[in-house]
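Input: structures, listed below.
Shared between the two complexes below is chain A, which pairs with chain B and chain C, respectively.
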Partner chain A sequence: MTQAGAERADPGGTRGLTDPKSRLRLPTETVLGIALMIPALATIIGLIGYPTLYAIWISLHTKLLAVRDMPFVGLENYVTVLSQGNFWHALGRTIYFTVVSVAIKVCIGMATALVLNENWPGRGLARAAVLLPWALPPLTAVVTWRFLFNDTTNVLNYILIKAHLIEKPILWLAKAEYAMPSAIIVGVWQGFPFFAITLLAGLSPIPDNLYDAAKVDGAGIIHRFLYVSLPAVFPVLMVAVTLSTIWTFNQFTVIWLLTQGGPGEATTTLPIAAYQQAFVAGSKNLSRGAVYAVLTFPVLVILVLLLNHFISSREETEA
Partner chain B sequence: MTLGLKWERRFKVIAGALWMIFILTWVLFPTYWIALASFKHPKDLAVRIPLFWTTEPTLMSYKGLFTQPFLQFERLTLNSLTISLGATFLSVVIAVFAGLALARLKFPGRQRLGMAVFFAYLVPPVLLFIPLYVVMATFKLIDSRLGLVLVYSSFTVPFCVWMLRGYFHNIPVELEECAMIDGCTRVGAWVRIVLPLASPGIAAAAIFAFTLAWNEFLYAYILTETANAQTMPIGLASFIQLDVYRWGELSAGALLMAIPAVVLYFLGQRFVVAGLTGGAVKG
Partner chain C sequence: MAEKVSVIEMNDDQRSAPKGHSRRQFLRTAAIAGGAGLLTAACPAQPPQTVTVEVPAEQMVLRMWTTRFFNPNINLHLNEEAQNAGRAIGFAVDVQAIPGSFQEFAAKLSAAAEAGTLPDIFSPQIATQIFMRDGRMLPIQEVWDEVGEGLGGWHPTAERNFTLDGVGYCLDIGFAPAFMHIREDLVEEAGFSLPFSDLEEMLAFGLAYTNADENLYGLGFAYGLPDDLMHLQPLMWAFGGAAFNEEGDITLDSPENIEALQWYTDLYTVHEVVPPAAVNWEGGGNNQGYLTGQIAMAMNPGSILAAVRRGDTPIEDLLDKTYVAPWPQRTPEVGPQTQTEAGQAFGINKESQFPDEAQDVLRHLWSPDIYIKMMQMGQSYLFPALMGAYEDPYFSEDRWNKQVVENVVPIMRDESWPATPAPWTSLWGTWAGKATSRVILDGLSAAEAMKEAHDIVAQAREDFLGG
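Here is the complex of A and B:
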């Protein structure tokens, strides 16, 4: 990137600062900048950087919750965890949960954004309503859905039976084959508004004359979506997908409050497994839990690199 | 395969309307159902055929929530408020400093630092909760409100820094330059010009930081043990795990907890929009 390009990619209007005659150019700028960053950097290093490294350190020792000492064991914990089926099953469930959830969120979010992007009375209210699940605390969302799924009050089953969609009640949370879909339903319910709103923000600046031009060229509704809307929102979509993938992959609260990883191990994803190893199962082995957590790190790194790529390519097209 | 434009338009309207009906039902019915449940009489909650309306709304569940001795709901509310406000205050102050530095000063590594803050926000609690537990235990900060304030800063600080950096960026630097030509110092120009103009952004950052802390579950779950520091979601979660579901009280608690979060969220949304479009400079 050329110098001029770098200037343009930095739209803060800081150019005035480089004028040598301006009083704005203080020699203390670097010192002041670093000084102002210190509290934030201390928080980030102390509460994110250091704990990340410490997680790796713990995973190389044997640290039990109730025991003070932690003897060094090298890679032993990794060997144990990686040789057990539990880890691989949990990884499989996490990938399944993430891929299916994100895919559904994208579809529902996109369809909703397309409708909200049209001009119709009451769409402001509809937009606010769509945001509601996203604004709710996860605990409230899960309590709500547990109530709907619950087999004594049975309202969801009641409605579905009345609508002739199912014949007999579904044991949403009690049966292994339904527990994961149920968790996905709740996760999608909370997470799709993020897509609807970000995609709406990406759709609304598309000028009408682009659609009109496509119409004149004989493009039908599907072609207009594929060749006008989709390319325009694609960069936003990619950023939203990566962010949502990170959050979904690491989803703990919704699954834990809904099923606690059960029944059996049907919804035990990696975050749930890490928590159980560290704070619930048998000897409460923090090191085992740390191994599970550390093993999710490569996934995070890949997603963050992807995100970085999408964000910087977006900034380039905007510059 | 182009349909006639008229038919296409008709198809679009019908499909869009059907989709919106589906989405709004899907979004609103669960919320309606839990709100309704919190006002139902307990006997109406135990029936086999669900009642979609109640003719005799009652506050029994809300009373039950506050009189439940093992729950100490008032204490939980107080804890949630103190901890969220503490984390919000701490992170907004830190983020104003860092945001100004990242948006207004030229120093080496500024761009990279900005990205680093954003990525720090993405590091999931799942990676951090075990080491943070050990660290907090070493400093005797388990079951302490101060401990939770510190831990919550791990996500509220990067979040606020990132938001405020963007916000400060959008305030034209010319305003500051004018103030400095008129004899303000740089910091003086920030205090008199930039911060007042950025107040909607600061308010929005504070609001979102508050809701992030207010809604948080995992850290509070592992780092608290008693009503000394437990927050609302933790107390209500212990409710779920009882053998007998007390749906009335649980719905009431979940709804009470959601009200500030939802109100603040929509308020913050408006601040962001108003702040970015309102603007102070004309032309």
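Here is the complex of A and C:
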């Protein structure tokens, strides 16, 4: 049968659906879509996939800084790291640092957002000023904080003593019990504007008449917050918490510049421990540093999944 | 009792209803804040950290990497003279002075080596032993000999660290030996005289001078990771111990070393003659302590002396009040020793396309006049690796340099001493800070901490030697 004859016999083109060649042919839009995605996919694979796979690869070898040879050792580095207390201690500190930091950032960020959402003179300036800690380069911010904490300049101690909040100078960065709180203070100072601005964006669209209606129903300020503001910003809050949890868990700059993980190991979180294993301690073992990084990944995935599950279950409840 | 308020659903109109300031206003404010942040970011807190030379496209370029020296004048001089050397041979020399620690620089070198992008000339720093042994450095024996002959021969420490099997691989710029910076005026006021006869007399001064309520401390030694080796290792030597023996065996848990660690940590925990913050000082902590008057002495390379010379201190006439000396001896039988960093040395990438031109640049930089000027630029941070340079008046007549040259340079040892430098002896360096902090913060005994340090270094050696 000729092609013309076939078309005559099957005017609706239904035969084409069973033709193997036609089934393999993708619609033009799909092909174009895939073609347009290729650069982005290549970038993602190049910038994220390759380093991740390389980290896993070297974690299965013994790779020392600057050394050419890289013998394969299988899971030996994982066994070594997991059997040492250092990893677990660092994991504990990381979770502590993350939970406390994010909780405080949420509280301060929410309070700031509520204040900035009110109408008062100078609100625009305040909104801009709140962003500054977040906009400052981390190096500048942390070095400034280190100056404030420093035991020779004693700026912070001087202020606190003059304000009668403490009697004797505190060794902010030299005592194990103060070093982690100091790192948390700096991290919170840098990170709360993200919550403030994000939550402000969630609060801004809430119309005044909702609050007015709530007032008519007899709701006080706390109830207006709990039953009007909070439900409206909850989805935004959860996204912000998820992102901030990941960022805080991976926080390196603030802690490294402030304490380098010390005193002793008081502020050695997982990213700091990974860096120390790879570039500072012992034989500069990049492989063991990579093990720390690789082991961080499932912990983060679990955290994110838990958060997502929490968000989903809440959305289902609300629905 | 307050009534329960139900959640009120919003419709689309309500969601888009304007409230207070408009979104545009908010975005404008945010943009202004962002701009302010960018402006802040654009204002560097420090001088430019990388010196990069603009090179005409058609000109041949030699690339040169160095860490940034504590004294920026050295980098400026190095850059200027590298350009001069390049001009003489029709090349541009792109000198990058990279900030950061030695470890960070080694990480950058390591990445460049793997990517095949090592520059023509570079300072291999703590990776020197590895790069020399695995064939990444070009042997430059001829240049090594020429330079040595031109300025009275190489210092033995340079030969130990930058030659392999009798062949020179890197030209050493100079040493940064650690020595005591001591406030002579305060020591005399307390009824003591310099130099201290032994460690116990130094401690006696510390006890006499320290006034914790006034934040004044007699001694200013570091107990954290930075500067750890330069404090504990000379002390171990003074107690008759060492990290290695001549065969390269690890001897960290020897009784002498344990005794040294005990004595050192007692200064902090028992005698309390050092600032409590010393347990977590960053690299410049003791510098700052000395320059602000918090501590009456500090053990450090000459970066403190250089800062004093520049007047980076609120204390009037601090230079005149400063006396420099090595660690006091433990007993007359065991004289003082001090540690020096192996030095910043420059070699040539074996894969360089321009090995001859790169050697010409090194010849120029190490020619006598330019080399001595570089030492002078160091303002007592650098001491020559070439013996003839010590005859220059800057080292033979300047009061403080003379003290260092006469009392410190002859007794300085590198961190591998007495073992032959090896990759695992030059990369191993953080055990000392860990050992001191384990005693001070975690309550380990000196013996336990030294055993732990011993195991860390043994593990490092095992990593290198493959078990």
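One rule holds in what follows: the second predicted complex is superposed on the first by the 261 of 319 C-alpha atoms of A that agree within 3 Å, B and C clash if a C-alpha of one lies under 4 Å from a C-alpha of the other, contacts with A are read in each partner's own complex, and residues count from 1 in each chain.
Everything below uses one rule, namely that a contact is a pair of C-beta atoms (placed from the backbone, for glycine too) under 8 Å apart; a residue touches a chain by one contact, two chains touch by 3 or more.
Note that this is a predicted model, so its numbers are computed, not measured.
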Contacts of A:T52 with chain B and chain C, given as first, second, both or neither | first
Tell me which partner A:P39 touches in the superposition: chain B (first), chain C (second), both or neither.
-> first
Report for A:T259: first if it touches chain B alone, second if chain C alone, otherwise both or neither.
-> second
Partner chain in contact with A:C107 - chain B first, chain C second, else both or neither = neither
Given the superposition on chain A, which partner contacts more residues in chain A: chain B or chain C?
-> B
So, A:L75: does it touch chain B (first), chain C (second), both, or neither?
-> neither
Mind working out whether A:V99 is in touch with chain B, chain C, both or neither, as first, second, both or neither?
-> neither
Pick one for A:A290: touches chain B only (first), chain C only (second), both, or neither.
-> first
For A:I302, is the partner it touches chain B (first), chain C (second), both, or none of the two (neither)?
-> neither
Touching partner for A:I166 - first (chain B), second (chain C), both, neither | neither
Could you tell me which stretches of chain A are touched by chain B in one complex and by chain C in the other?
-> 118, 128-129, 131-132, 134-137, 139-140, 143, 146, 150, 152-154, 218-220, 278-279
Chain C-touching residues of chain A, taken from the complex the two chains share | 62, 64-68, 71, 117-119, 123-125, 127-129, 131-132, 134-137, 139-140, 143, 146, 150-154, 169, 171, 173-176, 179, 197, 204-210, 213-214, 217-220, 223-224, 227-228, 231-232, 259-260, 262-264, 266, 278-285
Complex contacts: residues of chain B adjacent to chain A = 1-3, 5, 8, 11-12, 16, 19-20, 23-24, 26-28, 30-31, 33-34, 37, 45-46, 48-50, 91, 93-95, 97-98, 100-108, 110-111, 113, 115-117, 119-120, 122-135, 150-151, 153-154, 157-158, 161, 169, 172-174, 177, 180-181, 186, 211, 214-215, 217-218, 222, 232-233, 236-237, 240, 245, 247, 250-251, 254-255, 257-258, 261-262, 265-266, 269
Residue ranges of chain C in contact with chain A within the complex | 2-8, 10, 14-17, 19-21, 23, 25-26, 29-30, 32-34, 36-38, 40-41, 45, 103-104, 106-107, 109-110, 113, 127, 130-131, 134, 136, 215, 224-226, 275-280, 282, 288-289, 292, 294, 423-424, 427-428, 430, 434, 437-438, 440-442, 456-457, 459-461, 463-464, 466
Residue numbers on chain A that touch chain B, as the complex places them = 10-14, 16-18, 22-24, 26, 29-30, 32-34, 36-37, 39-41, 43-44, 47-52, 54-55, 57-58, 63, 108, 111-112, 114-115, 118, 120, 126, 128-140, 143-148, 150, 152-155, 158, 189, 215, 218-221, 243, 246-247, 249-250, 252-253, 256-257, 270-271, 274-275, 278-279, 286, 289-290, 293-294, 296-297, 300, 304, 307-308
